[in-house]
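Across the two complexes that follow, chain A remains constant while its partner is chain B and subsequently chain C.
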Partner chain A sequence: MKNLKKILALALSLLMVLPILAGCSAKNTPRADEPLGKDLTNEQKFAEHVTLTWCFPDARGAGDFTEWDRIVAAINEITEREINATINIEVIPLGEYTEKMSLKYAANERWDVAFCGTQWNPYSNAVSQKVLEPLTKEYLETYMPETMDTMNAKYFDALTIGGGLYGIPLQQIYVRQNGIRFEVDWFEELNVDWETIEATIDPNTPLESLEVFFEYLLMNNYNECFFGADDKLMENTSSFMGFDNLISTNFPGAIRVSDGTCTVINQYETEEFKYIASLMKKWHDAGYFSDAALNGGQANSYYELEYGESRHPVSLEPVVKPGGDAMASMKAQYGITIKTIPIGNAVLTTSSVAQTAMVVSRNAEYPGRALAFIELLNTNEELLNLICYGQEGVDWTWEDEENKVMNLDDSAYPGNEPFFVGNTFLSYYVDDSMIGCWEETKQINENAELSPLYGFTFDASSVRSQMAAINANLDAHLEPVLCGMGNGTVDDAIAELNQYLYDNGLQVILDEMQRQVNEWLASKQ
Partner chain B sequence: MNNKNLKIKRFFKKIDVVNLFIHLFFIVISLAILYPFISMLSVSLLSEKELLQEGYSVWPKNPTGEAYEAVFKNFQPIAKALLTSLMVCVATTLLTVMLNAMYAYAVSRPTFSARRIINFVLLFTMFFGGGASASYIVNVSWLNLKNNLLILIVPGTMGAMSVIIIRSFFQGLPYGLVESAKLDGASEYQIFFQIMLPLSTPALGTIAISAFIGSWNSYYAPMMYFDYGKATTLSLYLQRLLQHMEQYKNSASLTGTLADVPSASMAMAVACITVLPMVLVFPWFQKYFVKGMAIGAVKA
Partner chain C sequence: MKTKALQKTPASRTNGIKKLQRKDNWQLFSLSVPGLIVLALFSYLPMFGIVLAFKDYVAYDGIFGSRWVGFDNFTVFFTGNADYFKTLLTNTVGLNVLYLAVNTVITIIMGMLLFELKNRLTIRVYQTIVFLPFIVSWVGAAYAMKANLDLNYGIVNSFLKDWGKDAISWYTEPQHWTWLLMICYLWKKVGHGTIVYYGNLMSVDTSLFEAARLDGANRFQIMANISWPHIRPIVISFTILSLGGVFNSDFGMFYYMTDFNPHKLRSRTDVIDTYIIRALQTDPSSIGASTAIGLMQSIAGFIVLMLVNKIASWIDEKGTVF
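Coming up: the complex of A and B.
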């Protein structure tokens, strides 16, 4: 009986493992014989009609739109005309995207084109799981000629891992430069114009310069919370402090961009962080924002308390971009004007480029056609705007056709963010204040300073358990410090935070980071 | 004076002091459990402005139904999701009760020689699960159950705990019942359906309510196994509604209409709507539930 039980237990365990092994097995779709060659015509390349499955991260609820089928039909009209392909759009709500894609990878499920990034469906994880098609020069030149011709080759370096390219970066603002965001209307009410604001901000100590405004608001009986403090402080000040983070802005492990030696540091032990944390403590104690910063991560502004709308006269921004969709949004929602002053240096980092990319499945039957579809999203203005804003004349009209400004006032179609779909620079402007901002953004990308670690991607596989231990309670230890509410003095609060990090294995992670950085630097020489 | 003392003495004689403290203790505990539900209901009736200005309160000053209005704005999909949920819950409950009872009856019979092995197979699943990836691979790649409502019904029906509870109950019934029924010429099916099942309502009631609640609250399976727009259960629909609303609020080119949706009160309204059917169903099964759990606890 005992032996029988043992055999049964073994058999059941094997039965349990079997599906995993089956998932890993190479049950690949047969690869079609696609023509390759720079000089092929579209007729030669796209002779056969194919169907591609596109995993579409739905950020705004486009899939819930009652006339979604109309949008899909219009999309397919373009793709069938241009690349002889029908696109089967698998809508996945953004909040579920990463998890669903992970299971698709595990189950070897069929898909062709998908969005990858740093935050959603992480690119480096997908590469390490070997589920992405390596994009060879031959394929790229055949099926993405226009993108290859127009896109600066340096952007592909950010997505090159172990010598292979597995994704195409989606064009948008790549540069990371933090900024201070002002809601100009507030200040105009108090007779402070934009020129005065600009002149008051000292480029060397921009954050301290804000205290003049805070005191002025206090004098004018705005009682509390006019600074938008939140748990995203590291993201909003990381490039200002001069860091390039190896994992994320909140996770310890970074290099100083100005430091030529590429020494990996724990940013929470630096003078730069101490400076920011001290400032937050000072501002919190002075009453510039309230303890509510810890509730839901953001302080309710005075305006929010008064009118039920989330607004702050002053807050920090992670990325300053010309025109900016946030600015247009604020104008559209509340009719208010926001303006931003950049702080710190504009830096191009690996993660800032790899944050939004399109990838092709290793299981794709027609990888060339999948690339051709990505090319279309990168080059076809009509297609991109159809997906993001709907059909001209039905979902939107021209406000100013010459300058490509659309009017979305009566639109019911939720659409999607262009940076989840394709080339942002092809999207039409949603507000006239944005005119010309795409050209300006391209220039900023081109002229940005390169981080010394540009092109390096940290492989976290060997330190996963330490990372999980730190992540388990990182926010709970970090947020009080970021919101100026740590125990005792700032030094004590920072020491407490670092104690937590080292107790959970930070040193092992930092050593591994340094080892990989050194290896990468050596391989470049 | 004497008369007064006598009255007090009589009063304390009438009430059992220990009992009084026990009652007070449980009243306090019940209020502590009830309080979050009352707050949930009251916050769902608050306007966003009142919520921000006054904070959370048990009695809203100006109750408003705007959060419920926002949830029920699109009635058709919510009604469809509700129907799907009900259908899945009822099917899961019926199937769970029937399959587990049949399994439990077989392994409860001392004359069934393979019962130890079958029990072992069952217990094995209590300690080792397949995990998300393996289950997904089996259900999608092998059984091809993606976008099929059966995926919400079938995998959850058999449960080791449920079988143990019913098996313990069957074992508690006198075996003479089975033997005398046999002598009277009853078949196995007649014994099971006409004698054992009607006698096991407490155990079956417990399994039924656990299955119904589990199925009602299930959010992960519909999310993972259904493509967008194919089928949605109520809990998933409401969860997605909240997600989208947050995204709407933060999204770029929003044109105004949804910006005023009260997010905190809407989240609470969603919680109330999800909980309501359970609140209605639970009292019917409660007496079985308590009894049935006790059976499982003592005799498992």
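Coming up: the complex of A and C.
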């Protein structure tokens, strides 16, 4: 019995200790020595065949496609030919992407390449968890020569945290400019053409000029919600109001871009916000949108279309882009024509560039090859379009090969958004009206005004408690105001919101933000 | 086991008896090994994780490599508005105690009623029906709930409309949820308790019932004077153990059954666990903070458990856990 007890005790203590030791050993895996040097040939760089795991955010259900294996085989044909690597694509539905990646980080799981952004799998979190490979100049020059040559170096500043670079921004529209989105079909039914719409929108008060359309729709007995109000109002109007947010569009703490002093403010205490909130209340009371806005019942048109519910003739859009991938995806998925009119200024902010990036795991056995794969997604249009739209001749055909316009009418492959995958500017046009829009977008990016805080990333670690307290019920206090359904007058509703924020320690956060901003500005000089 | 061994040699405790016990019992002991392993793996092994409550966990540095931060993780929970904490505590403890009390009463009654049945087939059918929800996941149940309560397409609202009444917007009106969640709780948990008490009643010496019947006792008298005293200790133990978890709530129920705890329902349905998941959603160091909160819940629960155990020892010595 004594022996048995001893053995049991030993076994139990071993059981307790072993997994911890196993957890420690994960990061000490030996790493292959990869050749480095600017002038290496592909044969030298890619001599050894490797397998890379790519965590793929599946925005449209590509992984559920019945012939997904065919797409994967075609992808691997390209990667094996170009970089001698087989890609093991780990499909993760977009809705679960952030959580799944967090788990991978916490468990020290093996992966090589992943998507990071501001909204999904936040880049700054991944950096603070130290799970990303620091991208040295040597590695970048060896394995991403073309991207390094073609991409403006200023875009890397947005992903530089504490002096280190851990990600490659995916090329797409970087500029944040809000816009008004029209579903043109609705207006055509009422004999309102696009020129009339464009002419009616007053650039100084664009939102108020929408009221003409709402009244017109109301007169014509459209018993729908004309305006797609939802809880994403801040995201959709933040740059229109002229803010650069330090944490997120909803979280208090921003600077005014036009204000050269970089003073941190609570955007919910500004006149700009009061204006927007009053407008929403007015529109709600006038019946331009229903109470359902508050319950997510008439949220983003994309999702609604999937569930076959109502659409909105007019809604707001977070980022307007020439041609626009929102337009492309609406056309590709639902055959709906949408057009947008930009409002407010176009500004380049840290988060607008950092919103889509590719990263390499610190556990990657072949970080160079992982970078080479990202380079391929940035430069190889055959690969990018294969992933996003499928195989030529099978999933789509050319409508106008010279101008790179494709015909997706008979496609069953759901594909993915190019900005989750690679260089958007390499994707083919899905409609002939988009011809030339990628060049236009590049120009917009290059010419955009830089936010005074461009390159600054807020380190929230010292105010976590206050952030947690605010985050816990921010939606409950903010959403009613955003949907024009706050208690009492607009002033009352805003006061209630700010009361909540300051009760939960907002002042501490604002002070810390200002301190870090000042420090950052001083370090720049 | 013990009684059996003692019956064989009623003399006194000698080394011989102990040896005999060991020989007799090693097979029985071996039966418990899988259970012990599970206990070690899922209850003792994770205890090392408590260390994370005092660390700023960084995935790459691992558990040992992460920085010590003292009690920093504990402050996360206490930074918010004090009034809201009252709501949180009232909901967590209040609903837990309420549901536990109702559940206990109903399971006792159900257990006794089941014991009154004599037809074996009927017993099996009832047992299965009441036990089945115990193995249904909250996520699955939430869909069934939604099918019943949906504003436009739900079964309940369809009936209400047919009867000429207004449809109820269940998912935006908090006042219904105290009892709606109680129904969910009972639906899921009653079966388990019922089977336990029924099983316990099975071990009562049947001659007691026969004797009572011969003496002219009716069914209620038998229940009150034989069945109830017999299961009372186990009812007390069960209640004490459940009260140990009074600060933890069934996250699945409060989160999924309410359709992700929307803000309109929070005044009645927000509990510590659902609050924490919202508060820490965007925090990269959430592992440390959530461990700290889990630890606080457990310590508070342990204190309650000890207190209740002490009180129970004054009422009925047999029911206490320690």
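In the analysis below, the second predicted complex is superposed on the first by the 469 of 525 C-alpha atoms of A that agree within 3 Å, B and C clash if a C-alpha of one lies under 4 Å from a C-alpha of the other, contacts with A are read in each partner's own complex, and residues count from 1 in each chain.
Simple rule for what comes next: contacts are C-beta pairs under 8 Å (C-beta built on N, C-alpha and C of every residue); 3 or more make two chains touch, one makes a residue touch a chain.
These numbers come from a predicted model, not from an experiment.
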Which of chain B and chain C A:Gln129 touches, first, second, both or neither: second
Greater chain A contact set [chain C / chain B]: B
Partner chain(s) touched by A:Val91 [first = chain B, second = chain C, both, neither]: first
Which of chain B and chain C A:Asp492 touches, first, second, both or neither: neither
Which of chain B and chain C A:Glu446 touches, first, second, both or neither: neither
Touching partner for A:Asn108 - first (chain B), second (chain C), both, neither: both
First, second, both or neither for A:Pro414, with chain B first and chain C second: first
Intersection of chain A interface sets (partners chain B, chain C): 1, 8, 12, 16, 19-20, 23, 27, 106, 108
Residue ranges of chain A touching chain B (in the complex, touch as defined): 1, 4-5, 8-9, 12-13, 16-17, 19-20, 22-23, 27, 58-61, 63-64, 68, 90-96, 99-100, 103, 106-109, 300, 304-310, 325-326, 328-329, 332-334, 389, 408-409, 411, 414-415, 417, 430
Chain A-facing residues of chain B, complex: 47-49, 52-53, 77, 116-117, 120-121, 124, 128, 130, 132-138, 140-142, 223-224, 227-229, 240, 243-244, 247-249, 251-256, 259-260
Residues of chain A defined as touching chain C within the complex: 1, 8, 12, 15-16, 19-20, 23-24, 26-27, 105-106, 108, 122, 124-125, 128-131, 248, 295, 362, 460-461, 464-469, 471-473, 475-476, 479, 500, 503-505
Chain A partner contacts - residues on chain C that touch it in the complex: 22, 36, 40-41, 44-45, 48, 56-65, 75-76, 78-81, 84, 171-172, 262-264, 266, 275, 278-285, 287, 289
